[in-house]
Amino acid sequence: MVRVGVIGASGYAGGELLRILLRHGKAELAYATSRRYAGEYLFRVHPNLRGMSDLQFVGNDFSKVSDKADLVFTALPHGESFKVMPQIVAAGVKIVDLSADFRLSDPGDYDRWYGFKHPVPDLLDRFVYSIPELNRDQIRGATLASSPGCMAITSILAMAPLFKQKDVPIDRKHVVVDAKIASSGSGGKPSLSTHFSERYGVVRPYKPAGHRHTAEIEQEMGKLAGDKITVSMSAHAINMVRGILSTCHVFYEGDLQNSNVWRMYRAMYNNEPFIRMVKDKQGPFRLPDPKVVIGSNFCDVGFEIDEWGHRVVAIGAIDNLLKGAAGNAVQVMNLMLGLDERQGIDVAPLHPV
Amino acid sequence: MVRVGVIGASGYAGGELLRILLRHGKAELAYATSRRYAGEYLFRVHPNLRGMSDLQFVGNDFSKVSDKADLVFTALPHGESFKVMPQIVAAGVKIVDLSADFRLSDPGDYDRWYGFKHPVPDLLDRFVYSIPELNRDQIRGATLASSPGCMAITSILAMAPLFKQKDVPIDRKHVVVDAKIASSGSGGKPSLSTHFSERYGVVRPYKPAGHRHTAEIEQEMGKLAGDKITVSMSAHAINMVRGILSTCHVFYEGDLQNSNVWRMYRAMYNNEPFIRMVKDKQGPFRLPDPKVVIGSNFCDVGFEIDEWGHRVVAIGAIDNLLKGAAGNAVQVMNLMLGLDERQGIDVAPLHPV
Amino acid sequence: MVRVGVIGASGYAGGELLRILLRHGKAELAYATSRRYAGEYLFRVHPNLRGMSDLQFVGNDFSKVSDKADLVFTALPHGESFKVMPQIVAAGVKIVDLSADFRLSDPGDYDRWYGFKHPVPDLLDRFVYSIPELNRDQIRGATLASSPGCMAITSILAMAPLFKQKDVPIDRKHVVVDAKIASSGSGGKPSLSTHFSERYGVVRPYKPAGHRHTAEIEQEMGKLAGDKITVSMSAHAINMVRGILSTCHVFYEGDLQNSNVWRMYRAMYNNEPFIRMVKDKQGPFRLPDPKVVIGSNFCDVGFEIDEWGHRVVAIGAIDNLLKGAAGNAVQVMNLMLGLDERQGIDVAPLHPV
Amino acid sequence: MVRVGVIGASGYAGGELLRILLRHGKAELAYATSRRYAGEYLFRVHPNLRGMSDLQFVGNDFSKVSDKADLVFTALPHGESFKVMPQIVAAGVKIVDLSADFRLSDPGDYDRWYGFKHPVPDLLDRFVYSIPELNRDQIRGATLASSPGCMAITSILAMAPLFKQKDVPIDRKHVVVDAKIASSGSGGKPSLSTHFSERYGVVRPYKPAGHRHTAEIEQEMGKLAGDKITVSMSAHAINMVRGILSTCHVFYEGDLQNSNVWRMYRAMYNNEPFIRMVKDKQGPFRLPDPKVVIGSNFCDVGFEIDEWGHRVVAIGAIDNLLKGAAGNAVQVMNLMLGLDERQGIDVAPLHPV
């Protein structure tokens, strides 16, 4: 059994890590930290874990992280992770970071998208931006991994085959990513905008422009395409607790057949354990829909060609707390530790739910 | 009191017409037809109307429509309306049609978008496509009016000021309309895809390309711009019963200031009784959200400029059964009858709901 | 036009009063107070009111309430109302209070159910507990009125005919009231338990015993029955924003026919403008359901006889912000002012919503 | 690996059985039958199972059930199960039946509660009504097991300790069970009453009296109490897809302390792997709530004493498709096969969801 710690375990992504690790099979939860809830049982904060563990949260003492664990997840809020990371890195453990603090390799992108000067820019290069479907081998050899943003990973997985191929010219200037996200993506802290009566039933365009995940998408799509990509992203909060749908409007030039695009996607995803291609002729779930991935690490991917507008609509759907956070992070951990990539997360979604 | 009939009154749009007309003040509901429910009390089909009226549905006998009413609404399904329209037109009453059958002036568009040859193409020219905010004077003089599609009106009202102005060049080829729509938009007929357990919590990209409302948007935006516009529309069904949000991604060239765009919208909407500009600095409802228009005829309109991608995100929100159907139709009726445009629909939205 | 003020207008009940008063027809909104939001436009707090009024909140200065208004609504939180009431009463205006502070006529009930000693017990007798269906004439002559609790009025209206009649013996010791209530009933203040991700999808038995509305129900049912009634109430928060269903399990002795019970309800409610009897043989809405009263002042009432257990299941459904708060309060105001009881609230519910 | 068949696998309970069995670990899914979908891939009917299995449904040929499986689940609709059961029983396999057809041991109860004469009354005695927390040893030795109704098991587990004990007199005539149930409990067949727009947001008292699960509750509570119990049950459909909350209002005589009741529950449930006692002083989840059991086989149980009304409010919460159907059935299978009771169902609930 590998011993694993979770730093910042009181948030929703942290809670999901705990849930997975308590039944992982090859890794065991060594400790879970929380400044605010130190001394409390896990289930006081994560009521689903009642009866699953007697563990209590411990405080954020990082001096002994390596004594007690072989790998740690850091699930701290953005802007908190980089404060403690040098100390944890120095301890010599393997790390999977779930925050945004080590996702962008160019320090200038933090100025541009996050509005601050990155305090430890030298660490950026040492973290591997980790989407197994894109860079599995690199992750296997990594000591420090950064797990992507939830809307970023959905959008990247939806569009990657289009930008990776070289046969059909893709418009790099008018890539529209229209994302719909559930409430858990904005965390567990109450506020007026998350107050049930105000939040229920909304279709809230909370970030029509300038969403920070844009930077990750541009970074990774740019790598795949070998060219600069400009992404026009808009994020909407909708009436559900889990799930993301990312609708990516991608324009092409010339001619494009359904079978061409199928081939691009098959080439990239055919053997992927957590990608399901969804493109059916009938039934209510003919294209990706977060409803049928809830509780699983799947990213469902599909597309439709719009000949009228010379557009491919590439669509991705995930459970934002799994493939969008804890599930992908555990998949990355499994790779880093040489375990079966599916260990602990090979779970069917719930339906209906 | 003007006498008004509703033909095809058992659907959701029909029910909403009845609800408005029963308390309109200047018009009175003369009759409501339904082939299927003839002889039934209105409240057997529309349970909200219990205690509001003793009227019963009558069958679809169009021979005497003009004897009993001065104006009729036709709220029949698409493809049914054009079958009965010649007979109703011949009766000489004023008509407001809520179906798609008389919205497009070019008969060829029915081949292209609806897949059939229009059986009465000569009638198309006689119907006025009616959005008061665009062509109020024309509506005032109309005998035959066609009320727009729910996603079309939302998108048109969101983008119209951008295409009407001539100062800033707008990209006419990459106009993306990403619409999110509630369940009532797909009507009252049960099916597997509308079965609660299957429909609840979805973000279903049910029509990523080829949505028929595209044709209306292109037709009307083209008129405003004086040029051909290609619209790339995708429609998503989401977890609510009423409401539409249309996110319109519009690319521009050169420079664009917030104050410029404000001016375009103010110029067009400043005195509109049913348009509210929403663009605030704080609060949960800084931009349009269908949640706060439910129960009203408002279309909330707002925008945000994305300098990074040279994009204006133009956003519209409505109650699909009101400004998207019955509410706009009554507004059109008021104009056609020379009544105060707000009569019977000057109602505040519910909040929270 | 009667001038009306709303004291404590920033909460949900206050907002609903504003919404009604802005289109009442015979009364006009003179002012709306809010300590916290003084100087803000109404629509900053109640986003639905955007475009409906240019009024701003004023502070809570009660010295001049009577100069500016002929009647005031007090919609302050429980425990705040009795602090300011003596001053407002002294001003000589008519008052409709929406708080719990003047609902119970026995001061001892405040000790027992609310846990405090009532500071102005002498005022209790001067307030009329106001349910028009029970004591319309008394309300007509009242100067000071107290509008009932939302779950209380639903339960009372559901059961009243059973306790008012003397023909069939009703068990007074095992009256179970099982209430299901929407989120808006708990107000607009954010907290962990109202955080969307935690509140969505719950069936939370938040007050299985000791709910304060029990006292009102016992008080009013006791008056009707001329006997002491013990009510066993449990309150559940469920997954919606508006609405209450109260399921009242009432045991009887001897024999009871459907037609008997019909007669009891008809006798009491036959001419009531805001009571609808709902007891159908078919359709999805055979019995009361809050879904089909949303947006209206209706209380839907129905029942079913369970011969097996010698039980009548009496059921009431309302929109908690209307018949459960602002709607009933305006109905009471109309009576106090000699207006048509339906003025400003004769509105059909929305459906579907 | 034990080979297991699922007969009637296209419904929601059947789908949940498939989901569990595909990852059970000690049992393997040998076949899944469906008359309607024979030849279709499982994921065409259960979209969550895409990528989880290549199996196709087979038709309902029962002649060879025992050749291919050591145990079969029958998940047919009520009234279908008893038609095929004699043939399956004759095949000699172990059977866990999820229908209502073999739950009641007195054939007369089928006349009374289901309105038909049971066609194979001799089989009734051979089926063990199976709630492991009540009769684990009997289940271990069983060949034929009947898994209880979803609302029955919730209510029975909530109240059992009160009726099992003999110290405090419990009222046997006024036991009120007020159940709130999600949509998946009514199956996957579309109808007007399950049409999303009509079903969303309801609190529908769809069976205020005469619910068939009453019979099971009376049967089992009667056994525990050694006396006849009359249960007054009302069932409500509410706005969610999974979950049941059963609020049981139980009256007592004399005095009852919190610690007494704790002792009763602890005595019965202390070592139960799938019962969690929930009775906290703080937090949003102080008492059972289906929200925090979704995806798991837990039944959360709690209570509150109402001294005013001499009432214990006993509360149970489950995921209706798990502890209310497939989860309990697999737990029963595990016992019948001598496996670890938790095998394949030892899963944490999702939160938030």
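The chains carry the letters A, B, C and D, assigned in the order they are written, with residues numbered from 1 in each.
We adopt the following convention: a contact is a pair of C-beta atoms (placed from the backbone, for glycine too) under 8 Å apart; a residue touches a chain by one contact, two chains touch by 3 or more.
It should be emphasised that the depicted structure is a prediction, and the values quoted were computed from it without experimental measurement.
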| task | Any chance you could name the chains that touch chain A and chain B both? | result | C, D
| said: Suppose chain centres are the mean of their C-alpha atoms. Which chain sits farthest from chain D? | reply: B
| query | At what distance in angstrom does the C-alpha mean of chain C lie from that of chain B? | reply | 36
| field | Distance from the mean Cα position of chain C to that of chain A, given in whole angstrom | value | 46
| remark: Contacts with two or more other chains occur in chain C at residues 12, 183-184, 192, 197-201, 240-241, 283-285, 294, 352-353
| field | Interface residues, chain C side, partner chain A - complex | value | 12, 183-184, 188-192, 194-201, 240-241
| query | Which residues of chain B touch chain C in their complex? | reply | 12, 15, 19, 22-23, 44, 46-52, 183-184, 241-242, 276, 278, 283-285, 292-296, 298, 300, 346-353
| note | The chain A residues in contact with chain B across the complex are 171, 173-174, 176, 178, 180, 192-193, 197-206, 208-210, 214, 230-232, 234, 236, 238-240, 243, 245, 247, 249, 251, 283-285, 287-291, 294, 304-306, 308-309, 311, 313, 315, 317, 352-353
